[in-house]
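Below you'll find the structures, each written out as structure tokens.
There are two complexes below, and they share subunit A, which is joined by subunit B in the first and by subunit C in the second.
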Partner chain A sequence: MLDSILLIILFSPFLGAVALMFVPNRQALRVRLTAAISAGVCCSASWIMFLAFDPAKSGYQFVQKFEWSKELGIAFYLGVDGIGAPLVLASGILLFAGIFISWHIKDRTKEFYIFLLILAAATIGVFMSLDLFFLYFFYEMSVIPMYLLLGVWGSHTKKYLEMTDPDGLKKRDSVAFLFNFASNSKEYAAMKLTLFLSAGAVLALMGILLIYKFSGLNTFDIVALKEQAHFGQPLTTIIWLLILYEIFPDATRELMPIAAILCIFSILYGGLVAFYARDTKYVIGYSSSSHMGYVFLGMAALDYISLTGAVMYMFAHAMATGMLFAMAGWVYDQTHSRDIPSLGGLVNRMPFVSGCFIIACMASIGMPGTVNFWAEVMILVGAWGRYPIQVLIAMVGIVLTMGYLFRMMRGLFYGPMEEQYSHARDAVSMVDRFPLLLMIACSVGFFLFPYYFYNVVRSGVDPLIARITQVVPLAAEGREASFVKREATSLTPSVSGNFTPVSRFTFHVSREKE
Partner chain B sequence: MSDLIVILIPLFPLLAVIANGLLGRRYAHDMAHRLAWGSVGLSFLCAITVFVDQLRFGVAREVVAYSWIFGGDLTINLAFLIDPLTCIMLLVVTGVGFLIHVYSVGYMHGEEGFTRFFTYMNLFMVSMLLLVMGNNYVVLFIGWEGVGLCSYLLIGYYYDRVSAAKAATKAFVVNRIGDAGFLLAIFLVFVNFRTLDYTQLFAQAGKLSPEMATAIALCLLVGAVGKSAQIPLYTWLPDAMEGPTPVSALIHAATMVTAGVYMIVRNHVIYDLSPVAMTTVAVIGGGTALFAATIGLVQTDIKRVLAYSTVSQLGYMFLGCGIGAYTAAIFHLMTHAFFKALLFLTAGSVIHALGGEQDIRKMGGLKSKIPTTHAVFFIGTLAIAGIPPLAGFWSKDEIMAHAFVHHHYVLYAMAAVGAFLTAFYMFRLTYLTFYGPSRVAHHTAEHIHESPMIMLGPLLVLAGLSVVGGFPGVPPESGWFHHFLHSVTVGTAEAGHATLSLILGLMGVATVIALSGWSLAHYLYSVKPGTADQWAARAPKVYATLLNKYYVDEFYDLLIVEPTKKLGKAWDWFDQTILDGVVRGIGTGTHLSSSIVVWIENHVIYGGLNAVGYANHLAARTWRKLQSGMVHHYAALIIAGLFILVHIVLLLWRGSIGLGVALK
Partner chain C sequence: MTFNLTLTGADLLLLLPESLLTFWLCVVLTVDFVWPRMPKEQLAYLSVGGLAAVLGTLIWFDQGGLSGTLFNNMFVLDRMALFFKIFIVLSTMLVILASMDYVHRFRFFQGEYYFLVLMSALGMMFMASANDLLSVFVTLEFSTFGFYVLVAYLREDMASNEAGLKFFILGVFAAGLLAYGISLVYGESGKLVFSDIASTPGSPGLAIGFLLIFAALGFKIGAVPFHSWIPDTYHGAPTPVTAFLSIAPKGAAFAILLRMFFVSLAAFKPAWVLLLVATSILSMTYGNIVAIAQKNIKRLLAYSGIAQIGNVLIGLAAGTKDGGNAILFYLLTYLFANLGAFAIVIAVGNSINSDEIEDYNGLNRRSPFLAFAMLVFLLSLAGVPPLAGFIGKLYIFVAAIKEELYTLIVVGLLNVVISMYYYLVVVKKMYINEPTDPTPLTISGPMKAVVYVGLAGTLVLGIYPKPFIEWVVAATLMFSNLAGTSAALPPTVLPFGG
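After this line comes the complex of A and B, so read on.
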């Protein structure tokens, strides 16, 4: 049961989507319940997975492997480590919450839920795939339902399509590139090794790809997030980066200073545009891109604490931004307006939503009381040693974030109320309140008890950073110390000197021959 | 057992928050406020127990509630430090907090959102208690942010007022600027010591280099300046008066705004290492004390006068910290909590009596109508003005004397002028409010009434404290208060070298300053009312500058807020035009190139094909005439054909001779 928990998490939304095909669209309640049940199974299974995760072990857990094509070396290979587990959990929670947030969709309800479930399953698949083929498969798979969800139920469709397509195209190229390296076996671990040996040779090319990823996040994915309320597209992109961490420690180490500069651009750029934006979803969308800058800062610093903070931040961000989007959507449903200056005084009509909104804003700026606080502090504390200037600018960014979020909150909820919005309703029923309460509970709960979460993430982060920086963490003493040290020492000769990439490459090859 | 009591202090209000927050709508208002003040009262009792323990054993101890994060190189505990400084702060926070909670029951009676108010107030108490009790910077910071949040929520309590919403946002944003500095200080501490616990940190603070100590101290100062409303981040506090009056009393006078002072005293080990930081603190404090006092001279809103006076008094505390008089600063913090809470609550009582009127130009002559309120307000005024032997005299005089004795004469002069101004504007406020002819609007005047006992009770207690609150610090520099705090502020240049005559002389000077301020106010507003207006008319520019608070708000708007908006606008333009332009450009490029291809296809490829087709067509049109279907045409053609054939045969036959020869 526990061994196959990842299969349950992954396939329950798929099965739900299949089951939905046999439910007539007229029976809206049955459609919604079917979706809710399958999402509920997924959510609770991801909780079980998260709680059963053993932070004392490093490496992948709950591993499932099915040979798919031996000739091509493709296997259906699932597993999570300390970094994947919280992201799977976040996806499970957001799926379950998203089902209830979109409870009132009346237009083609069945199709909407089918696509939503497929999207969620694909996202989860990305987070738990250990085979690059399936990783890519799930990644592409998530694009199709997203395309349809946005195209049919979204607004401003054209702009999004304009931007996603080149994005997807480039990603396809990058994966094809990776594939060619491992033509003998696409199974993940073997590939990791092969790619690691070839890392020196492809440093330059990887650099281009990395820069693309970073700039890509700045420009392309903003819109994806802006338009899609329920799932944060940037999260998926980040998993790609983590994979790069896994595969190319050398490249990572050498390229991260560039990333550290780009992340500052992301923080300030998103923040300033959000400061100016008038549309609620734009404000949240740009704020999200600004927040991703913090995640990159945490990753770029290559520090145990900051990378742990970055992973926690992804989870925390998913909760906070999910809430913000949900509530912006609620306000839009009630008032048919996303224009901040024209709204106001809604606290009269919707005390519950405005209360949650305050909490979400607080979470978003990393106030104590939400898990975002730990994440943000850890990122900044960890990054301080390496990039003090970036941290300083990031702190200016915090003030900026606060400025625009609170301006939005004031614009929506405070002040005198326009007559035309007097019919607006609060979220009264349990169905409407549940998703918000769920996300708040997760955010506050992990603030109060971050201990377990922290250790889970650390178990994934420690070997990663140890491999990249060759510095064994203090925390690893007594836990998995042998693993980390063995790995760290075995790598030391290859990188301790000032080898050129080529010489490093030949070194590995020669050792391989031995 | 005693550990449990320490943990219970913040736990009681927290439980009340949870109960009121989740179930507040289910039960009656009575239950909500009983829970609120009851929980704070219980915390107060626990604080007294802790205080008595401290008196008996006199040992600082750490109480770990639980381990928050523990992972090798990063350990963060929810830990409390119980030492004399914490005990004083605990008594002030829970004691004054309890009185204000009780007062609020009467003041907020019948207001909308009664339960919400008490939930926020209790949440504030929890945060403030974490702030003063924490044994590491993280707990301090959590409390620090928590009080800021509650301040935000309570300033914006009347959410339908645009001004309240704006003031709340302003307060929070300005505070957050300070918090960024504070956070930076925490990073510096962590990078240098790899720990955030006070006890471990202060034990090894000596290994800091002077530069690093200065950096940490200045970053901490940024946080303190934001929270305690000092120059240049003081502008939020006067606006914060949009909140209900008990909030102003509790948060913006007695407790939260003093957090900066508490933090500096708590970290005095670091400050002592850095003369630069100390001087900065002293200059900011002295400057603020004087600067805010001048603005307070001409304000006409009763709460705003008190707000500027708070800023000014906090300046005295900073001044005390900056010249190393930590005990005096904490002493002034305590007495200020008494008399300023008293003044705010009394102002609330006046506003309550007048049905919401806050403009002192529309008051006057209230002495006979609300005598008890007048009496306690007068006591508060005497205390803040520094008339002996009330509380404010002892603490303020001690700071000033310390400055004089340690040869900070400029700072002393600033403080002395500030003290004169303080006495003046406080008595001006008293005269305009309670004396002279009544300027109250007619319909309001009929309803003037003394506040109910539930509001007067706390006022009387606070008045009593304002009278006797200074005695723990008597005699100056060696009173009970100083001995009690000695273990915390040890190592500082506390012991004065002053002779008794110098101390008595300085006391005399301070008294004269206070009395002369009173006399001036008496002359201007009681003996010859109208003189003040003449003076204002004689120097209109000075008056306008003071009335408009030196235009600092406008200046900040121009310097920071507007450029940020413009930058945002510029980036937005960049986003819409350049980045979208690139995308659009790619689209347009594709479109253009495809249209070229289409043109080539249309004109070159299809053109060629068409040309061939047309040639065919032309040929066909000509040649089809051959096939006319008429027999004589065909006969003519056959004959013509035969003719040609014969010719060809003949030609070939002739030619075949040659061929035949060849074949032969």
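After this line comes the complex of A and C, so read on.
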């Protein structure tokens, strides 16, 4: 049972989607219950997985491996380490909460839940795949449900509605419109998203194919690639740019300072745009890209503490931003407006939602009381040693976060209320309150009991950082030493694709030795 | 060269599927003449039954590992020929089931339609077995002959007539090129059988001859720059015929192309890789970019078909056994996805009498089943997991990267993104746009069966391709002596077969 827990987590949403196809569309309640049951199974199974995870062991746990195609060297290979486990858990929680948050969708309920479940399952699949082929498989699989969810059930602006006349329809179908970034109709948002994601996916596929070719192992298996293959420097750098992976510790070490500078742009750009945005979803969206900057900073520092913090931050961010979006959606459903300055005073109409919103904002800022606090502190403390300037700028970013989130809070819930919003309702029923309470409970719970979480993440982070930071020179050939990873020592020379390292890298390492 | 026409019983067994089909198409024609009042549906079921028997025989041969040659090597029955025959028979069965509703539209010759479809299928089955240049010519013309009539079957429709005429003129032109090419090759080498030509030293005459043969076959598969007939013919022809034309002849032509390039011309690989790379890049890019502007779903599928052929040509350009496997697998995925998509076009066309993409607006509200099936088929053509097309594309790319065809892969991957756009435009119309006329659509039983077969094939090939990959690997065993150019590869340990 416990061995196959990953299969249960992965396939319960899929089976739920398949089961939904046989439920008649008219019986909306049965559709919702079917979706909720399959998501509930997924969510509880991911909790069981997370709690049964053994932090004392390193490496992948709950491993499942089935041969899929020998000819192509593909195996259906699942497993989680300390980094994958919290992400799977976050996806499980968000899926379960998401089912209830979208409980009131009336248009084509069945299709909505089918696509939502497929999207969630594909995302979970990405986090637990140990085979590059399936990693790509699930990644690309999540793109189309996203397109349809956004395109069909997404919200649109007035500008979009103006385009429903025959002339406008023609305009909406033209290619040129795709590149019109000023339009924010749902279809174009969806199309842009899909094409960008596909383009990114295609880059990743290019990287995967290059790895496949130059490892010479005829396999997509990540574990095998990590242990046995070794790549020449220039190629590694190219592939690293195409797909970031722990298969390439050398390139990671070399390129991370660039990432550390980029993440500052992310933090400040996201924060500043969020500060000036009027639309609630824009504020939350840009705050999200600002927060991803912190995650990147934690990753770039290549430190045990900061990387653990980054992984915890991803979990914490998922909870906080999930709540914020859910409540922005609730406010939109009640008032049909996302314009912050025109809203206000809703605290009297919806005290429960306002309360949750404040907690979510606190979480997003990283106040003590939520798991975000630990994560943020760990990132900043861990990164201080290597990138003090970036950490100082990131701290400015926290002040910025506070600024725009308080502004949004005040704009939505306090101040005078306009007459037209007086009919707005609070989330009263348990169905509406449950997802918010669930996410708050997770966020606060892990603040109170962070040790287990920390140990789990740490068990995944330790071998990764050790692998990246440690360089063992194997043999010196002339003046150019060849640096091969420790794991590769047992490698037979028959494995091909071994290029001579370039001198640039040699220099870099020898300086480290001094 | 003397022909020995004394056939033993064992020899006749090799011809059993073809003999069976020949007999059966005579039966179909006779029944149509003798009982003219019989509902034509019965005739369709009769044809499908006969094809099922042929399919059974072929699968039996395939499992039994029967192989051999006939008529001084003109006709060969090996596992690759059997693969393509199963491919052709399967697509013919599905096309006949899908055309049952459509045939009612024909004012004349409803019964002969099935006869002509079966006859083309028979010609293509011989094509799959063609092992020398003369039988290539004869079988190619034999199969195209039925199509000339079928394309122009809507006698009172100008578009259909135009399509027929275009197809005929360009087809005859291609036949001329083929004959000229064959005569040049024969003049240079004095040989006709593919495996005999392999020992001929290279010469300009041989090169020109094979170039002309390639052009003729390129016409058949609709690769750029031999594609000019495709859009108009696909648009004008009756939709079931378009479906048939877009799948079965391409498969049969690839059987010949594989034998020609991988057997006769294996020694000249560096010379023809560039030709195939250029054709592939042109086909993919042209097909995908022009498809964006299409307003008619049949034309969209025509251009997407050109692009898909560009993808298949990547496998041919790889020039290895892996490339051959990938081609066979890709064609299999293409069969289910493309035929499924055309089945939806026929079903929608029967209900609303239109093939404009604009009329697919809100299909999801009018018929959730049709919209979902179309979504699956289009996404499979676009190469989205977990559908068959994705595995096909990946297999092709893996074969190409082993041969270091980086340009092709980069162009191919870019084209995946481009193609995503126009497939998604159709998806958008079906799911996001609101219907102008919200009446629900109905769908007949046989059509439903075709759509279900298409869905099943698309999903099974995508999720559990293992047995099919093993099948195509076994089907191309005769190419296992083809060496890759890349030294980085571990040597393939496969038994020398064929």
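Keep in mind that, in the parts below, the second predicted complex is superposed on the first by the 379 of 514 C-alpha atoms of A that agree within 3 Å, B and C clash if a C-alpha of one lies under 4 Å from a C-alpha of the other, contacts with A are read in each partner's own complex, and residues count from 1 in each chain.
Just so we're on the same page, a contact is a pair of C-beta atoms (placed from the backbone, for glycine too) under 8 Å apart; a residue touches a chain by one contact, two chains touch by 3 or more.
For clarity, every value in this text was computed on a predicted model and none was experimentally measured.
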{"item": "Partner chain(s) touched by A:68 [first = subunit B, second = subunit C, both, neither]", "value": "second"}
{"item": "Touched partner set for A:369, first subunit B, second subunit C, both or neither", "value": "first"}
{"item": "Touching partner for A:25 - first (subunit B), second (subunit C), both, neither", "value": "second"}
{"item": "Partner chain(s) touched by A:137 [first = subunit B, second = subunit C, both, neither]", "value": "second"}
{"item": "Partner chain in contact with A:111 - subunit B first, subunit C second, else both or neither", "value": "second"}
{"item": "Partner chain in contact with A:97 - subunit B first, subunit C second, else both or neither", "value": "neither"}
{"item": "Subunit B versus subunit C, judged by how many residues of subunit A each one touches", "value": "B"}
{"item": "Contact residues common to both interfaces of subunit A (with subunit B and with subunit C)", "value": "none"}
{"item": "Subunit B-touching residues of subunit A, taken from the complex the two chains share", "value": "159, 162-163, 166, 219, 269, 272-277, 304-305, 345, 347-348, 358, 362, 365, 367-369, 373-374, 377-378, 380-381, 384-385, 391-392, 395-396, 398-400, 402-403, 406-407, 410, 413-417, 450-451, 454-455, 458, 473-477"}
{"item": "In the complex with subunit A, residue positions of subunit B that touch it", "value": "67-74, 138, 141-142, 145-146, 149, 153, 156, 159-162, 164-166, 168-169, 172-173, 176-177, 180, 183-184, 186-187, 190-191, 564-565, 567-569, 571-572, 575, 579-580, 583-584, 586-587"}
{"item": "In the complex, subunit C residues that touch subunit A", "value": "292, 325, 364, 368, 379, 384-386, 390, 394-395, 397-398, 401-402, 404, 409-410, 413-414, 416-417, 420-421, 424-425, 427-428, 431-432, 465-466, 469-470, 473, 487-490"}
{"item": "Contact footprint of subunit C on subunit A as seen in their complex", "value": "25, 67-72, 108, 111, 133, 136-138, 140-141, 143-144, 147-148, 151-152, 173, 175, 178, 186-187, 190-191, 194-195, 198-199, 202, 205-206, 209-210, 212-214, 216, 218, 494, 496-497"}
